[in-house]
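These notes concern the structure reproduced below.
By written order: A, B and C. Residues from 1 in each chain.
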């Protein structure tokens, strides 16, 4: 049986008595590309923040790599590569300086550091632009640099929080291809996005989240079966999503 | 369109708490501090209260035969002589509230002074000099001296001066209200929306300048009214004072707006504007009074703050000023020049973003 | 490389690539140097050896002299004398007046002036200075004195109303009456007249003045007060430069929190202490760099003379700069956004400079004394006075004051950061 990389039980986060994540039960196996899908304000980013110990949970437990994440944070974090939705890079540092900084903070040094920087930049296709200031990059290049900064220390778990927002199709394709390559190399991936086609393309398992809870999870086929008895009918993930979450607007101000 | 822009920008400015604190609280605090610090330097001499002088008298002293008359005469002039035949002089002064101690010896007399009561020491010294002179029998009361009373600008009290100086100085600092609007515009990329709207370049410019001027009038006006009430500041010629203050508001607004438009970074704009204001204030009498400043006059006249401060100070003490015309011309000139530069810069920035 | 080194490297690069940083550490000190040139720092002062506490002596003024309001001690009536007589009888008159104790006499030797010229000069003095009485000794004063009409050889100009003016005029009448009486006795013989007047003085009991220092206040002489004033100006201007430098570091901190870099850094197992520590260490290096540039500028461009070893001056501004920079960082953390932080830093700098007495000596009483002690500049003025007087304890006080302020600022910053995170 495949090892469980992430397991949550009753994971809850409340803001002003309003549960943004509500008794979440999540299980991600090793080697999966797990897609977390949900409308705006469903609790996806909050869930990720709790998994990465950026935010403290109100209740519940998180186990990552088989250990309690809250108690063994320092042991777990070096094995995680987090790619945030916002571009967490320094505009005034060059591309290679950004990668070197964040890789070295994981304790990589000397020749290994140099090699890691070179490999990361090559991985995201920024070798030729390594000496340019990040502030001068296009949106797509910044997104790729954002990824390069998270993979230099060769993490076992990659967490992507909407990594393709606002970039061109070519850059998006490239990123998705690289995610698959990382997965084939052994990394487990947790991926959140609004773009259905991305989730459909790369994720092996999908969870649909709404109002802080997972309302459905499984492979695409398993999700299709939830809404249709006809196995031959071709139903898109978007249809599945809208059927399960409804079509009304979600307005969550102040989060 | 312009009306809506002015209204919205004014709301943005009024919602910035720090700006209001700076504009209302700042002048009051500084006037209180500086008024207190410079009080002694600037106030007219008011005379002294009565004080005590300790003394020791040797029998051979020239003052010995006259000591009782000396004491009576001193008493009439507010100085009480008290004898201490023995004891350490420093102890006597420290323990007995004596402002000064005189040791009348055989051939001389020694006046022991302490720094805290220098003025009292001088009075005592003058008095004893007079006693010595009277021993010579000299009396010049009949001599007619050629005395001319100069017609000079009356002295101004420190609280009045700093009340005026800091009203002007804080008007020049009030460009900071623009930052609330400019930060919001840049963050929300409002300029791109303005570009495709029907609003003209001048309207966009006035849409910032007018609220800033209004905000300055509200903020500094409130603090001026409060400080006038609290410190009893005398302004003198009210119509001209209000005119000069209004011109200062307009000149400072357009100058501040120019610097905000000149630099892409608001930090540079703020730093430059504050530095220009600080230097103009330093030269123009916002810290050390222009009256006693040793900065060359040719440098002082370059500062608009100097002209305005001097004009309003002279209104306060004598109701009129020779600096009225130069103040009005200088402020109007600054207003026109920086307004034109600012409108030009606004147009340039708009086209750059195209 | 270890985490702290990596962070320091990052902070160093970010600071050195920031134009605002170079503006703060280069432009503002240059402005300071230029302004100090305007103030005449380092120029020879004709009053270098004057002691403000000298009594009974007529002080000579030169054309370059500044306002009497700063040369005078403020406790006596200031008298400015335009002397075009160049005579020993004029010397006698002025010495006698200065000896009265209530008047501080400043003499400016000048050419003969017409009535209009002297009145114009007197009016300019009266409007632009704090002078109680202006006296013009005419070129023919000596002749008038020899003829027994000394009072015809001078004109007295009254300025603002001051009851001591009458005492001055009364003293003038007394001395002039003595001179007239002596002139009658010697029948106008100038040499004999002077001898008689000098003998008159010798007959009277001799006066001596002794200044006691029974309080713990430090007493600086005139030259030291000049040095003090100049150093205070440098504290004021450079304090602004250091504060802006701290603002830039705080700005980077805020920006990193906003754009997610701080989150990423913390996910690299970097503790908050290390992260903040790296910012503070960067601040120390920035302060050291700025102090170095100031040192080169001051010694190279202005050739300033501060009345103390240059190393001591640089030490003072280094430690004061450290406090100003850390205070700005703390304010930045508490304010939370750049604009509010900018205003707050500027306001704090302005108030501190004022209440500590950088622009002018402040002698507060009551609760204001304690409030003024909250300004670090106030303590450094004390340290400066100790150094100027050559007393012991300056270095110890400097270290203790710096440590104390940094501890308080650090604590407030830490609490502020914790509260901000909880919110």
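FYI, contacts are C-beta pairs under 8 Å (C-beta built on N, C-alpha and C of every residue); 3 or more make two chains touch, one makes a residue touch a chain.
The structure displayed is predicted, hence computed values, not measured ones.
J.: Give the chains in contact with both subunit A and subunit C, ordered by label.
T.: Both-contact set = empty.
J.: Among all chains, whose Cα centre is located farthest from the one for subunit B?
T.: A
J.: So, what's the distance in Å between the C-alpha centres of subunit B and subunit A?
T.: 62
J.: Subunit B to subunit C: how many Å between their CA centres?
T.: Spacing between the chain centres: roughly 17 Å.
J.: Can you check the complex and tell me which residues of subunit B touch subunit C?
T.: Residues 16, 18-19, 22, 26, 29-30, 33-34, 36-38, 40-41, 44-45, 47, 61-63, 89-90, 93-94, 107-116, 118-119, 121-126, 128-130, 132-133, 135-136, 138-155, 176, 179-180, 183, 265-268, 270-271, 274-275, 279, 282, 287-288, 291-295, 299.
J.: Across the complex, what residues on subunit C touch subunit A?
T.: 1-3, 6-7, 9-10, 13-14, 17-18, 259-261, 263-270
J.: Quick check: in the complex, which residue numbers of subunit C touch subunit B?
T.: Counting only subunit C, the residues touching subunit B are 19-20, 23, 28, 31, 35, 38, 55, 66-67, 69-70, 73-77, 99-102, 119, 122-123, 126-130, 132, 134, 151-152, 154-164, 167, 169-178, 180-181, 200, 203-215, 217, 219, 244, 251, 338-340, 342-344, 346-347, 350-351, 354-355, 357, 359-360, 362-364, 368.
J.: Give every residue of subunit A touching subunit C within the complex, in rising order.
T.: Within the complex, subunit A contacts subunit C at residues 52-54, 74, 77-78, 80, 82, 84, 86-90, 92-93, 97, 100-102, 104-107, 109, 113, 149-150.
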